[in-house]
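Labels run A, B, C and D following the written order; every chain starts at residue 1.
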Amino acid sequence: MKYSEAFLNAAADLCAAGRIIDSKERVPATSGNFSVRLPDGTIAITVSGKHKGRLQIEDIMLIDAEANSLDGKKPSAETLLHTSLYKRFPNVGCVLHPHAINAVLVSRIFKTEIVLEDYELLKAFNGITTHESRIVVPIFANDQDIPRLAAEVERYLDRHDGCYAYVIAGHGFYTWGTTVDETLRHIDALDYLFDCELRLHGVKKV
Amino acid sequence: MKYSEAFLNAAADLCAAGRIIDSKERVPATSGNFSVRLPDGTIAITVSGKHKGRLQIEDIMLIDAEANSLDGKKPSAETLLHTSLYKRFPNVGCVLHPHAINAVLVSRIFKTEIVLEDYELLKAFNGITTHESRIVVPIFANDQDIPRLAAEVERYLDRHDGCYAYVIAGHGFYTWGTTVDETLRHIDALDYLFDCELRLHGVKKV
Amino acid sequence: MKYSEAFLNAAADLCAAGRIIDSKERVPATSGNFSVRLPDGTIAITVSGKHKGRLQIEDIMLIDAEANSLDGKKPSAETLLHTSLYKRFPNVGCVLHPHAINAVLVSRIFKTEIVLEDYELLKAFNGITTHESRIVVPIFANDQDIPRLAAEVERYLDRHDGCYAYVIAGHGFYTWGTTVDETLRHIDALDYLFDCELRLHGVKKV
Amino acid sequence: MKYSEAFLNAAADLCAAGRIIDSKERVPATSGNFSVRLPDGTIAITVSGKHKGRLQIEDIMLIDAEANSLDGKKPSAETLLHTSLYKRFPNVGCVLHPHAINAVLVSRIFKTEIVLEDYELLKAFNGITTHESRIVVPIFANDQDIPRLAAEVERYLDRHDGCYAYVIAGHGFYTWGTTVDETLRHIDALDYLFDCELRLHGVKKV
C-alpha cells in the first residue's frame, strides 16, 4: 500500500512519541498503543506486539473510523477504545494509552475514581486556567471484552463533561488531545499528579 | 528584532539549562520558566507554553526590568516574580523556576516553611561554608493573581535575610543565583534536600 | 577459536540486551549473567566479572549443553542454572539473570513465593492472554553451591507447570523465553509487577 | 606544568568515572571528589568546586602523598581523607567520594554503623566470595575540621579490618579499591545495598 504524506507524518510523530513515553518507563514490555486521526478521518495507529520505545514506521497501520484495517495489517484488540473517542470528540486528534505503573497503583487504591485538585499542573490540561480546578479521572474495571469496556466508557462520558482521561484497573490509562504534543502533555501531567496523590496517600515507593 | 550577542548567549544558556533540568524530570508538561539578567539590565526569559526540555533560541524573549516585552513576544504571567527578584537583589543574574514534584509534596506536608540543617550539601548555596547551617525555605499559597503573590513574596523577603528559594504550594519553587551554573546548583541542592526531608518525614510519621 | 556466525549474532544480541538491562539499573557492579542457545545446541553465555552494561563480543563465551567450555574461557559459577533450564525446556532460546533490586526486596518480604494476578501486564508472558491469570514466582534460598541450588530449582519445576521465572533470595531472578526479545519482555514485566506488589505491600503493612 | 602520561590517563579515568557516577545522581551540585594514585606515589585528584558529571582534564590536579599541590592548583579541603587512605593501604589505587542521597539517609537512621549481610551483591567487594558474609560500614559525624575527621577515621581503621567504606553523616561516603573500575563497583554495590536496607527499614521513597 502507498501511504499518504499525512499518514507518514503521523506515523513519524507516533514513533517519536513512543520514544519519549518509553524514556519515562511508561510502556514496559510491548504494552501501550497510540493513534493519530488524519484530516480525512482515517486513523494511524500502532500495531500490537511491538515495543513502543523502538517503533518503526512499519509498526504503524491505517484504519477507518470503524476500526477496519485499510492496509491489511491486523489492528490491536483495543483499537475500539481509540475509535470511540474520535467519534465522540470531533476536536480530538490523538489518543495515547500508556501503562504507567502509577495508574495501576491508583486503580488498586482509589477504586472508582481519583480526584486531582489544587495543583498548578492542572493547567497542563487543555482549557484549565487555574489551580483552583478539580479533575476527576474515572477508573474502570479491566475487561478483555473490549466492546463491553468501550460501552462502559461511553456510558460514563455520556454523563460527565470535562473528562481528560480514564484509568483501566491493573492496566494503564487513556488520554487524548487535539495534537500529539498536547496529549503528551496530558500524560506528563497525569503521571505527575498520580504520583503526588499516591505518595501523599502513603504508598511506599520501594 | 536583532538581538544582542549577550542576549543570544543568555538564551543558549537557558536552552541548555532547560535540558539539564528536564533530564531530572523537574519540568513536566510545559511547566517552569527561566531567566537571565543581561549586563544592560534587560532580561532574557522563556516564553510560556513551551516544553522546557526542548527549548529553542526563539522560545526566549527580551523584557525590561518592569516586565514589558521589548521584542513583541508575550511574556508569561509569572514574569513579575522574576523581575521583582532582580530588583531586590543587584547581584542576582539568574532566576530558575522548576516544578519538581518534591516541592509540591513539601508544600502539602510542611505547610508554611521547610527547614534544612546539618547537611553537607548546604554548602552548595552561595556563602554557606559549613553543614552547621540552617536554611529556611518559605512556602507561599498558590495564587493566579501574580502581583498579589509577588507582593506576598516581597513582604517575606523584607523581613528575612539569607533566603535562597521559596516554594509555591502545589506548584514548584523559585531559586536564584549570580549565574546560571550557580542557580542550577541551587536547584540540585534543594531537590536533594527536599527529598531527604520527605523520606525522613515518612519514617517519623507513619 | 573461530566462532560461527550464529554465535556472533547471539553474542551481539547479548551485548545489546546488557545495555538495555543496565539502563534500568538491573545489573549493578558486575552482577548478572545472560545466555542464548544456538541452533546446534551449544550456548553463548557471558563470562563472569564483566559489567553487563558495557559488554563486548569477547565477553561472551561458548559452552556445550553440559556447561563445558568450548573456547577455553572460564564459565561463570552459575552456568549450571542456565544449562538446566535449556535441558528442561526445548523451546527456550534465551535465559537472562538480572539483579534487579525489586527481586531482592521481594525475597525479603514475600519469603517463599510471590503471586502476580489481575494485571494486564501478565499478558507480556508467553501464552497468557488475559489479566484474569495468576502467575506464581517461587523464591529459593541463596546458595553458593550451584549444583545444589540447580537441583532445588529442578525439584520445583518438576512439580509446577507455567513457571516463567524464579527469584533467588537476596540475589536476583532468572527468567527465560524463546528469544532474547521475549525474555527482555519478561524482565520488564517481572520488575514492573514486583514493583507494584512491593508498593502495595507498603500500603497494607505500614 | 607538563603532566606525565600516567597523570593524563588517570585524569581521563576520573573524568569518565565522574560521568558514570553523575548519571546515577550521586554527585548533586558540585559535590564529591575522586582520586587515583600514580605509580610514582603522587596522586591525581579533582579540584573543588566543579560539577563531577562535567569534569575536564584541567579539573584534575596533582598532589604528593602529603597532600601538597605539585602543580599550583588548590586542593580540596577533603584531600587529607584521600591521602590518609593511600598511606594506610598500599594496594589502594583509587578513592571515590560520592554524595549519594542513600548515604545521607543511612546516617540519619542507622546512626553509628550499617551492617550489610546475606546479599549476593556483597561479592562485588574485593575478596568476598559468598553472600554469607557481613560488612560493617561505620558512620562518622560530619566535621569541617578535616584533620580531626581524618584522625577519627584512622582510629576506627586501626581497630577494624575488612572495612571497604565509611559514611560521613549528612554528607556522603568514601570507598576505595585497587583500580577505578573496582572502586566504581564498590559504589554501585554500596548504593544498592543501602537502598535495600533503607527500604526494608520503612523509609518512604517519596
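The criterion applied here is as follows: a residue touches a chain if its C-beta (ideal position, glycine included) is under 8 Å from a C-beta of that chain, and two chains touch if they have at least 3 such contacts.
Everything numeric in this text was worked out from a predicted model, so none of it was measured.
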item	value
Taking each chain's C-alpha mean as its centre, the one farthest from chain A	D
Magnitude of the superposing rotation for chain C and chain D (Cα, nearest 5°)	90
Proportion of interface numbers common to chain A and chain B (over half same, under half different)	different
Mean-CA-position distance for chain D and chain B (Å)	32
Geometric centre distance via CA averages, chain C-chain B, whole Å	45
Residue list for chain B, restricted to those that touch at least two other chains	105, 202, 206
For the chain B and chain D complex, residues of the former touching the latter	24, 102, 105, 118-121, 124, 129-132, 181, 185-186, 188-189, 191-192, 195-196, 198-203, 206
Contact footprint of chain C on chain A as seen in their complex	25, 28-31, 51, 99, 101, 104-105, 108-109, 142, 144, 168, 170-172, 198, 201-206
